[in-house]
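Handing you a structure now.
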Amino acid sequence: MVLFDLILGLLLVVLVQKCLSVTDLFGAVISFMAFGLLMAVAWVRLEAPDIALAEAAIGSGLTGALLFSTLGRLPHSEARQPIASRTVGSGPGYWLAAGFWWVSIMLLSVAFFLSLLELQAPGLGGYLQERLSESGVLNPVTAVLLNFRSLDTVMEIAVLLLAVAVVWSLGTVGWPAKQKLSLPLLVGLVRLLTPVFLLVAFSLLWRGNHAPGGAFPSGAVLAAASILLLLAGKTIRIYPLTMFWLRWVLAAGLLVFVLAGMSLMFAGYGFLVYPEQWAGTMILIIEVSAGVSIGAMLMALYIGGEPDFHAG
Amino acid sequence: MTTLYLVLVGVLMGNIAIGLIRILRGPTVADRMLAAEFFGTVTVAIILLLAIAMDKSVYYDVALVFALLSALAVVAFVTRGWPDRKSGEQEDERG
Amino acid sequence: MADWIPVVIIFGPLLAAVLVFTQTVRGVTATLVTGGILLIGLVALGGEVSGQGPWLTWQPGGWPVPLGLRWQADFFSVAMLAMTFLVAVSGGLFAIGFLPAAMPSAARHFWTLWLFTWAAMNSLLLAADLFNIYVGLELMALAAVGLISLTRETEALQAAMRYFLVTLFGSMLYLLGVALLYGQYGMLDQAALAAVIEHGLANGVAAVLMTLGLLVKTALFPVHFWLPSAHGKAPVPVSALLSAVVVAVCFFVMYRLWSGLFFVFLAERPAMVLGAIGLASILWGGMQALRQQRLKMIVAYSTIAQFGYVMLVFPVFVADGAAFLAWHGTAMMVLAHGLAKASLFFAAGCLSIAHGHDRIRELTGGGGRLGWVWLAFALAAASIVGLPPSGGFVGKWWLLQAAVLGEAWFWVVVMVLAALLTGSYMYRGLEAAWRPAPPVEAVRPVPAIMVAVTLFCAVGSVAMGFLAVPLEGFLGRTFQPLPIAGG
Amino acid sequence: MTAYYLILAGVILAMAFHGLMTRANLLRKLMALNIFTSAVFLFLVALARMAEPLDPIPHAMVLTGIVVTVSTTAVGLVLLLKLYRRTGSLTLQSADDD
Amino acid sequence: MSAADIAGAALVVVGVLFFLSGTLGLLRFPDIYTRIHALTKADNLGLGLICLGSAVQSGSLLTALKLLLVWILVLLAAAAGASLIAQTAHERGIRPWERQE
């Protein structure tokens, strides 16, 4: 097992070094995606199946597609570009500041590595095992995400919705995007794969309560399915009415979560305090709505702008 | 038994290291993409072997999601990621 | 305790933002309605805090601390929530007049991002869990990036990109520190950790990393370069919110850490380092402000200088003088600075609408409505510099008293020097007011609501000086050890 | 033995920090920031594995972090494209406060 | 070490060997079209045998079917990807390698 760790660690370090220093931008992006893949292997090695699922769906799938659509719009991404930035300043002031910075960072990193020896890592695993039965779900990570620390998940879905709002504020995108080259094979492939995508997405969503899965990997797989449909040119035409529904689907996950929490508060249990007998079903409802709206939000992030249906 | 699988995983990781050379040397962008697709498949294989070595059947689902997503990366590259100089770059969005 | 108060304060603006995003409610009405609801929540919170002792805690999700999360509020957080409320509502009112004049195209997206920022700030002011603070910092940072890049001009986009990279790096440093602490004690709650933490290398490195991350976000000396361009180039109500409150909330989080979790480490050496950072920020911010040609850039650099001044509280507190006085001075100064800074940016906005630019050399004197704008600018500048009747003076005076009592003479000299420096660059902005009034047709009319809001914030900042005695009583028990959470 | 992963995370942190500071290209800076984030998450999950029994709290934290990171990266990429459309370059000119 | 284990292990070892051939092909072949051939070998047979080996080894039918699905999906992705890349490469004017006499 030690040999495996060493090789994995070496490969990760080499990929990071390649990603940051290979002259060609495209090679850097590919090294970054390979780094994502190997990180998923590291999550599997460290027995974190939920994170491996999320990394697989979001890390290598979605981030890769995002990077490619960005690179596609930068024509000279293959050209050799200067790597290091030219030194900004000159004269004693700059070197004094640079020297001060260099020394302080070295000290901090040495202290950081020394402090690693002290960490006892007590962890809350045992404490959580006792209370898991009261949480209404069997999978400990889902229990933490949706019951014990549910406030973090609410704010995280808010971050995702805010990211969509910021991307939409930055500009509009012609919809549906004109397809540059016709690929009949791609349409066939997509027709075959889409049912499997939907099957896997909803199976991940359903078993989130008792096994690794849940709202985030299933949302990411849904987003991947819709991106494939978009790339194959199979996109629906958007009218003002669909735009209205699109905004509500995007906001559904956050709204359901917050309104459920508030209704519990008004019912007297307290904000986001699930009563014992309904905990399972409420968590399932929240997870399904969150999964679907996360899929829609990640798709909106991939499109990279507010769909402008006048252009269609 | 698990040591055999771990040795095999080590060999597969060696494949990734060799594949890395193609990323650096690959003259065209498509070669680099081939190497990336190769990494995807090798990762699925590594996760399968780890699933056997650590005998946890949950990792088969991770491999399944990886297999699904490897198609997305290639398609995204071919349709959007390949910078195309001849036909120029249409302005498909109004900033 | 009333469980609904923090829920209303945090999820009020969040739900309003979602409603504005789904276009069911117009932005302006959503902001005003949220303001009304939050006013009720704040009054109730103030009553509860003054009624039931310094610390209030709530547990969303109902689980005891090491497993669940906790909200906490004391006097300082109530005062900060009130200041955030004032700046957010006045910024909203200002935007009603400013948006159609300056950037009609982006008005559609402004309100969603504005309400998201407000929700993020409120959640940070009430959060007691270290990881919850991380998610709150990310929410606030992303909303601020959206607000800065709203005008889509090249300068604004570059400022937004620079801010994006720097502030996310700061959040990551903060998260690394939190990971170290979790690795050491397996807990994420401030109070629970404060009871257990003791000297050690891992805790020291965690303290340095978390403080460095927050320093990056408060834009103090070593890592300040992003702020002038971000605050200077952003639309006016945005730079008012960013300078007055977003930076203050980051300082508030650092204040929470150093007065609770890392209070054990607040010995001689770390306090001196923090004081040195403050001193360097004062000097650098002041020098740069003297060189600026544009009014908004002067006001942006003064933010760096003022928060450098506020950092002086750590060495003064360690100098075993009147410790409580130092904390009250800091709290008062941050509050007064918030309102005054908002008013300065609003005034700069009115002037840039009137003249079409804000280069000091070509600004004209106060005539007609511009007279009121310059009056507000003068009042706010007085509060920033710390002239006697204003809130800023009371904060700085208390800090100076604490320094004198603690015989920290070096820091007394520094404070006096800082006051002089602030006075000089504020006057540079002000001297344009004495120029002759402009011919009527040369100046575009400034909407009345903008002038009213500018004046309101300036008067508010000065009025805090007159309310010093009751506020001192209200803040009196600010500095209490954190509540030992149950469970 | 998982303590080895803490050291690995530290090495990747150092490399990502160096890359973030020295690379001028904005896309590389974004990737360096993502690698820095992945290293912090590796640090957290290694801690989770070192604890006896396996501690799922860092797993939930990292899951939240991954979603936050993908949303910030998406915003960063759109901002980068807008900047490229306006200035034609992928680097930030030095702060030109006039 | 039951028979299934040994059979599974043998299949997996052969699978890994095919991966090796795929890597060498990816490295040694002169142009993109030939490299695609090498790559699909690694995908179809390499992964196929590993899936088969682990299916035999795991013993439960559900896992075997899931592994079959994994294999089919990777096959689909590799085949479609290979022809897509080849087609677009051809359109982009990448000429196949000829042996210079």
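A, B, C, D and E label the chains in the order they appear, each numbered from 1.
Simple rule for what comes next: contacts are C-beta pairs under 8 Å (C-beta built on N, C-alpha and C of every residue); 3 or more make two chains touch, one makes a residue touch a chain.
On a predicted model such as this, the values are computed, not experimentally measured, just so you know.
The set of chains touching chain A and also touching chain E is given as B.
Set against the C-alpha centre of chain D, every other chain centre is closer than that of E. Of all chains, the one whose CA centroid is most distant from that of chain C is E. Spacing of chain C relative to chain D, judged by their CA centroids, is 27 angstrom.
If you average the CA atoms of chain A and of chain D, the two centres end up 12 Å from each other. Chain A and chain B have centres, each the mean of its CA atoms, that are 18 Å apart. Centre-to-centre separation of chain D and chain E, using mean CA positions: 32 Å. Each of the following residues of chain A touches two or more other chains: 1, 47, 67, 71, 73-74, 112, 116, 119, 121-124, 128, 149, 152, 156, 159, 162-163, 166, 170-171, 181, 183, 186, 189, 193, 196, 304-305. Of all residues in chain D, those touching 2 or more other chains are 47, 51, 55, 57, 61, 64, 68, 71-72, 75, 79-80, 82, listed in ascending order. Residue positions of chain B touching 2 or more other chains, listed in rising order: 33, 35, 40, 51, 61, 64, 68, 71, 75, 77-78, 82, 84, 95.
Those residues of chain E lying in contact with chain B across their complex are 1, 5, 8-9, 12-13, 15-16, 19-20, 22-24, 26-27, 32, 35-36, 39, 42-43, 46-47, 50-51, 54, 57-58, 60, 63, 66-67, 69-70, 73-74, 76-78, 80-81, 84-85, 88-89, 92-94. Residues of chain A touching chain E in their complex: 181, 183, 185-186, 189, 192-193, 196.
Residues 1-8, 10-12, 14-19, 22-25, 27-28, 31-32, 34-35, 38, 41-42, 45-57, 59-64, 66-68, 70-75, 77-82, 84, 90-91, 94 of chain D are the ones that touch chain A when the two sit in their complex. Touching chain A in their complex are the following residues of chain E: 69, 73, 76, 80, 83-84, 87-88, 91. Those residues of chain D whose C-beta lies close enough to touch chain C in the complex are 13, 20, 26, 29-30, 33, 36-37, 40, 43-44, 47, 51, 55, 57-58, 61, 64-65, 68, 71-72, 75-76, 79-80, 82-83, 86-87, 92-93, 95, 97-98.
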